[in-house]
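As written, the chain order gives the labels A, B, C, D and E, with residue 1 at the start of each chain.
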Amino acid sequence: MTLIRAGLTLLFLLTTLSSSGAADADLRGIIAKFATVTDFSETGAVVRELTATGDPAVERPLAALADGNLYVRTADSMVLVGKEGDGSVQLFDPLSGEAVGQASEEDITKITVNNTLRRTIRDALGTLTLGSKDPTVRVAAADTMFKTPDTANIEPLDAAIASESVASVKALLEQARAASILVSDKPDADKLAAIALIGARGDRNAVSLLTSVEASASGAVKGAATAAIASINSTLAIWDAGQNIWYGISLGSVLLLAAIGLAITFGVMGVINMAHGEMVMLGAYTTFVVQQVIRTSFPGLFDWSLVIALPLAFLVSALIGLVIERGVIRFLYGRPLETLLATWGVSLILQQAVRSIFGPTNQEVGNPSWMSGSFAIGQLAITWNRLWILVFALAVFGVLLYVMKRTPWGLQMRAVTANRRMAASMGIRTPWVDALTFALGSGIAGIAGVALSQIDNVSPNLGRGYIIDSFMVVVFGGVGNLWGTLVGAFSLGIVNKFLEPYAGAVLGKIVVLVLIILFIQKRPRGLFALKGRAVEA
Amino acid sequence: MSKSNTILYLDGVSVSFDGFRAINNLSLVLDKGEMRAIIGPNGAGKTTMMDIVTGKTRPDEGEVFFDGQVDLTRHDEAEIAMMGIGRKFQKPTVFESHTIEDNLMLALKGPRSIFPALFHRRSAAEARQIEDILGIIRLGDKRHELAANLSHGQKQWLEIGMLLAQDPKLLLVDEPVAGMTDAETEETARLLKDIARDHSVIVVEHDMHFVRELGVKVTCLHEGSVLSEGTLDFVSADERVVEVYLGR
Amino acid sequence: MITGRFFAAGADRRIAITIFILLAAAIIVPLLNLGVSPASAFYVPAYIVALTGKYLCYALLALALDLVWGYCGILSLGHGAFFALGGYAMGMYLMRQIGSRGVYGNPILPDFMVFLNYKELPWFWHGFDHFWFAAIMVLAVPGLLAFVFGWFAFRSRVTGVYLSIITQAMTYALLLAFFRNDMGFGGNNGLTDFKDILGFNVQADATRSALFAASAVMLALAVFFTWAIVGSKYGKLLMAVRDAESRTRFLGWRAENVKLFAFTVSAVMAGIAGALYVPQVGIINPGEFEPSNSIEVVIWAAVGGRGTIVGPIIGALLVNAGKSWFTGVLPELWLFALGGLFVAVTLLLPRGIIGMWDSWRGNAKALRAASVAEEAAKVAVPSAISKRARSPARNPGEWSLSDPEPQAAE
Amino acid sequence: ADDTIKVGILHSLSGTMAISETTLKDAMLMLIDEQNAKGGLLGKKLEAVVVDPASNWPLFAEKARELISKDKVAAVFGCWTSVSRKSVLPVFSELDNILFYPVQYEGEESERNVFYTGAAPNQQAIPAVDYLMSKDGGSVKRWVLEGTDYVYPRTTNKILEAYLKSKGVAAEDIMTNYTPFGFSDWQTEVSAIKKFGSAGKKTAVVSTVNGDANVPFYKELGNQGIKAEDIPVMAFSVGEEELAGLDTKPLVGHLAAWNYFESVNTPENKKFIADWHKFIKNNKRTTNDPMEAHYIGFNMWVKAVEKAGTTDPDKVIDAMIGVSVPNLTGGYSTMMPNHHITKPVLIGEIQANGQFETVSKTPGLVMGDEWSDYLPDSKDLISDWRKPLSCGNFNVATGKCGGKGTN
Amino acid sequence: MLEVSDATLHYGAAQALRGVSLKAGAGKITCVLGRNGVGKTSLMRSIVGHHRLTSGSVAFEGKALDRSAAYDRARSGIAFVPQGREIFPLLTVRENLESGFAPLKRADRNVPAHVFELFPVLKQMLGRRGGDLSGGQQQQLAIGRALVMRPKLLVLDEPTEGIQPSIIKDIGRAIRYLRDQAGIAVLLVEQYLDFCRELADEVNIMDRGQIVHTGPAEDLDRADVRKFLTV
């Protein structure tokens, strides 16, 4: 490792002195050696040789190698960058990047890499790209160098700091430099300053670095490191609590989404809807089908796939819900318990139908780019998919609440489910209201499926995984009360996530269940229990 | 006021629901063996008062004593019923999937724990009692029918029958003649007067003919407290009662 | 006294027939298995004995559930837990009977404890080397759990769907707990590899026949006891509590005790079913706590006709036989068949097989029992919807005739 | 009737395990078809008897009994989870039939009537950890053992813990965590891994997370940005089938240890894949390790039946030992006296196309070790089903068959 | 306006109505009396469509209703105040009233002022849940709710049950007002003889599932008529 560093430093110096770099032919000579490597250590050796040339031009072949895109053409042992298309591979020159034709997969051999090599290349590229024009690349470089401190990094970093114009990048570079100072034999004063700088960074990487300093250093430096670690850890503890809340909220939003359709079909209509989970599943499969069509026919629209899937999933599930209501449920009003039996049967049928049509295995539903990755608020990493699911869950909740409380349809729904016969005598078309209400609940389950496809398996078993939790949420919150479902979902989510770090996921879940049981003793009609004569009936 | 000779003693009782005061500083005393008629506008708190006495609703404040010494606020429905307070509900509530006879059997006075019930066999005395009650409520020919199949008025009668079977010391009767014909109303009045000979009774009714028939002291509630009390003539002459209740 | 009633003229003929069939089966099936040559047309293969023995245990479980659900309106979605606990108690006995015949040859510790590095038997495993102790535990553990659980829940007046869901939470929590290897019950693999029961080889045909006979007799006994309970004044009270709980309170009955008794008895019955089940299937694993298992029990009872004694038994036998058969002949489509069956039963036989049978025969008395079942609906769903459930009693299967009038004690 | 030889297939086609097991049922049907195309066995056609034990353990036992007693099958290929195997074991020994069990498992078992064609812990877990400790594997110093809470992960982790400690890993450098079946909210766990991994030592996760829980686990790993270069995850239950439900681009470099990868480049494998695609009529369907195990097991059975000249289980069981058939990774697998087979161990990295790329392969074949050398109570046990020993738990210390006995 | 002819109704095996024929004309108050359990409620429920007649027919404004559902009957102008109130317990008083908007045109969707004049308590309690009201208040709500529908035929099943005397008088005035001003038909089941006598244009007396007498209100004083009402 240090050897590479030394080489890199040399290279850095060379490149800064003479920007022309090593001769093109030399590089090609080295690259050609990839054609004959037989194992990872040989590949590693070639990589080292390549980086030692110090030519920024090596970035292209190295990056390709790390991404698994470097190939050897069997016919002439040429080493080329490849880009997989359908059926064939586009080939490019590794240095110039010019297209040099196509090949089928049989005609070329991929040069394999493993994690160790990938990391080596990444580190090497990190240093190489310290002078990149793109600030994000420089940030990445600084980050890499922070995580892999080395005395040899100090000088290139000094140079980079001197020429850095963006203040935030500069701070990162300085931290990277401080990291390297800590592993150097610089005087303690420098190291103390470095610790202060790193302490200010306040993240886990800083703790990780300081921990190793603490272990190796002595005297004032050790003390400073200990103090810095303690101070970072105490702030991190606060962030941890914040993180638990966030995890709880996001788990809550998933529970809410899963349960909210049930809050209609069960909570409002009183149908013990065991097929609810399958409605969610249908929504997820709709997403899958939409993405399949997009992948094969309109690849450009992939980022829109969820937006397209939402209304479709609603329609698919609502339609199936409508069929179930007209075909089965409507004969069971007044016999709510039998709905359990019938919908259980329906759920078996739907599950098996999906299994027969799509197969028993998981289907791949991709995350659009805006649903991927994460961003940080302080030390809090928030993943985009969770955030969007939260926003989405709240939006669905809001709309539903509006429909139920503010529209004539909502009023009729509630009247019909309270007393179907009397509602009919008020001129309400009860069959319509029943059918549409069940379809609404089912449709909402369907759109929940779109969101859940982003974080869970899309398989015929998807629904079964949510049905118990959904009932638990609806009942815990208080049947027939939408707000109860909301608060129930979030409180169960948060309690669960606070317990998990201490009790572990299994015990945590057990504790939550026991808490639910105990809580119901205190409030036998759920969190948002309706009180008074009206309900005691 | 001395509690000792009273069967029911309410003093300063208040209860509110979500801020609405249904019973407001209500004081009411019923002597042993007395029958009292309670009238008052819809929503005056008559049913709520019964809820308080039978343990269904807990008062926010005030004293409720039974038989001079038992603090009813410390007991639950079953205990209160066991002490000897029986109730007929405003809306008839019977066990719909049981026959008329079984409804009465379950109400019959007797031990109220599980094992006696498990090994219970109907005694001749019980059978006779049920027979008598069936006669009184004129449902003898329907004795083997499910209570669910009774008309509204018949359910009223069955409830009265269950109350008789319970044989409580104090009877709370909420609107017994609602839905009855005039003839039946008279019948019911006779029946209640009969019962009142050795029981204490509170009757709530809106039917003034019926109340007159009973010929007992009348209390008129309004907005959760006593508005007027005395003989029916006295109360119906009260301007305020006419204003809020009887109408012109 | 109770027996007197049974043999009296008023005894329900159907109950008598059921008990007779069960007792006859307890004698005849073992005879046909052990005493008849395998070549004979009357020979009952051991495979069938084992299978039907298992169904009988399910039937007993369904009957136990029906006592609380059909007659008392407590829709327990956690009865599988009592069944499983009874099964575990028996499984622990059977594990201890293995002795040093386990793969590690440890005379004290069951195999799973050996390879999970247990040094000694956990305290709660003590005593299970005695059958009598295990037998007591089979009754006591489910009974006690039900008693404690019910004591809290009924006193707090948890009813309807809320009760259903906390029973479900209970079985779910137990599922997770028993999955944990740290619990000392063998984790996911559960307890298996049984050798002897009361000194007899569990694999032997004779033992299997004996277990079958025991299950049949136990079910017959349970039928008799359920019948006696349901027919007593307490049974009437049970139904009264189901229909108008608060009204019973105003008559001076302690509804919570009424329910608690039935719930505990039912849990004990379920525990016995589990205990008989385990030696016959050869394994007990936390999967038995699966909430969906408990839901299935509800479905058996519903298919057969809840609120009747024979109904749940028929439902359990039928659904499980169907499942065995379908999974063999239609391995890839059987869920369609089973799901279709459930839908069809609900639509075409609204009160289960027995309920429908009765109303076809216009049998007024049975009609009442079935209508009674209808009432149970009240438990599952809150507020007004449940109310309407009560009335199809008056005109089977047609909600429009129902009377939504709230039955509350106003 | 007597003109066919029946073969039982006991894999769940519904319920939670259908997701994994259905493929094996199809693979078996394919193998049986192919054998019939080659003329069957002992001059008779093979006939598959498929039943659905529906992911329900007692039902496994019932169906096994049905297959053997009613359908009179000559052998059964089936089960996935250990508990399903445990559930049917007594049935197989009582009715004396043969079960081929194709899935990697925790070991600690050797039954006369069962042939274990999946990996024992030493054929998967130990080599995987060895790889991670090696320079190529990144010289891992700190370990997260993440598993689903059931016997296989528990036992495997127990063995691994003992093994790691024997290699000088400190207790505080091992973090063990269990989650329930089908767990789907991995936020806390993944962030704990991240935290554990930031202690300045090279960290890896060894995952025995089972089945459905994997997809959300990997999705969360990807989203929280845990890169294989930083904290690689080595899985024992994630194969091509599981990856098919995932976008693997963010997961490139994470690892799995198996005895077979679809990507293995051998003529046998090419043919197998081609046959599979033809049989299942879908070119996208992947192959995986348990399929190979059935491939090996089935061919061994065929060979043993031919050797014995009969399908009589007793004779076939004896004939099985020593049978050697080609596996799909370019060598031969042999049935050992302990009813486990020899296999190569492959470590693969996940690629963007959902396949694994082999980054390490044991030089020779590894023999399945039923009794772990790293557990105190089983290290003295061996299994040898050859006569005259014929014992699944022979104690070399006491010289007796029947386990360890009291100590 | 409303014509019931030869209606029979069975509950399972039990017969509740035995060939009942009845007319209720527009601008008239038609009263039905009878002892408990004679079939009054059964008849009303058959008219509004809760029960399907075993035989016989119901015609409204000349159109046969036998095949139409309860909501279509409501939409054609029949409003019902059932025995036992049947208000929607979890809906607020306002929502209970608004549930009568369903058959109305958008422009008509308001609560007529006379509802609140008649039952001022409803105005005070608009936000309270229907189920929380006292029995008499619920009864007032049930009547008010029916009036919101602007019916042509108002079917009232014992509307005075549990209502305080002053409001009974108001209800009587209201019914008369509706008859005279709006010209609607009123079909009234009553036990309260005085109330009936005061209001009715015509009385029908039922006994054991049959109409045994039809005539003007004054007939109620005849002994041969009275006998049907005594025990």
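Brief remarks on what is shown
In this section, contacts are C-beta pairs under 8 Å (C-beta built on N, C-alpha and C of every residue); 3 or more make two chains touch, one makes a residue touch a chain.
Model, not experiment: these values are computed from the prediction.
Once CA atoms are averaged chain by chain and compared with the all-protein CA average, the nearest chain turns out to be C. More contacting C-beta pairs link the chains of A-D than the other of the two pairs A-D and B-C.
When you average the Cα atoms of each chain and compare centres, the chain farthest from subunit C turns out to be E.
Note: centroid distance subunit B to subunit C, computed from Cα atoms, is 43 Å. Per-chain Cα centroids separate subunit A from subunit E by 62 Å. Distance from the subunit B centre to the subunit E centre is 29 Å, each centre being the mean of its Cα atoms.
Within subunit D, the positions touching two or more other chains are listed as 13-14, 149, 178, 180.
With touch defined as above, residues shared between interfaces to two or more other chains in subunit E number as follows: 11, 50, 70, 84, 86, 88-90, 131-132, 135.
Counting partner chains per residue, subunit C has residues 176, 179-180, 246, 332, 335, 383-384, 391, 394, 400, 403-408, 410 touching two or more of them. For subunit B in complex with subunit C, the residues that touch the partner chain are 47, 54, 56, 76-78, 81-82, 86-87, 89-91, 93-98, 102, 105-107, 112-114, 117-121, 146, 148-149, 162, 166, 174. Interface of subunit C with subunit B (complex): residues 1-2, 229, 232-234, 236-237, 239-240, 242-244, 246-255, 257-258, 261, 368, 371-372, 375, 390-391, 393-394, 403, 405-410.
Per the touch definition, subunit E reaches subunit A in the complex via residues 48-50, 69-71, 73-75, 78-80, 82, 86, 88-91, 95, 98-103, 129-132, 145, 149.
Within the complex, the subunit E residues that touch subunit B are 11, 14, 35-38, 41, 83-84, 121, 128, 132-137, 139-140, 158, 161-170, 191-193, 229-231. By the touch rule above, subunit C contacts subunit D in their complex via residues 45-47, 50-51, 54, 100-108, 111-112, 114-117, 176, 179-181, 186-190, 192-194, 202-203, 281-283, 285, 287, 323-324, 327-328, 331-332, 334-335.
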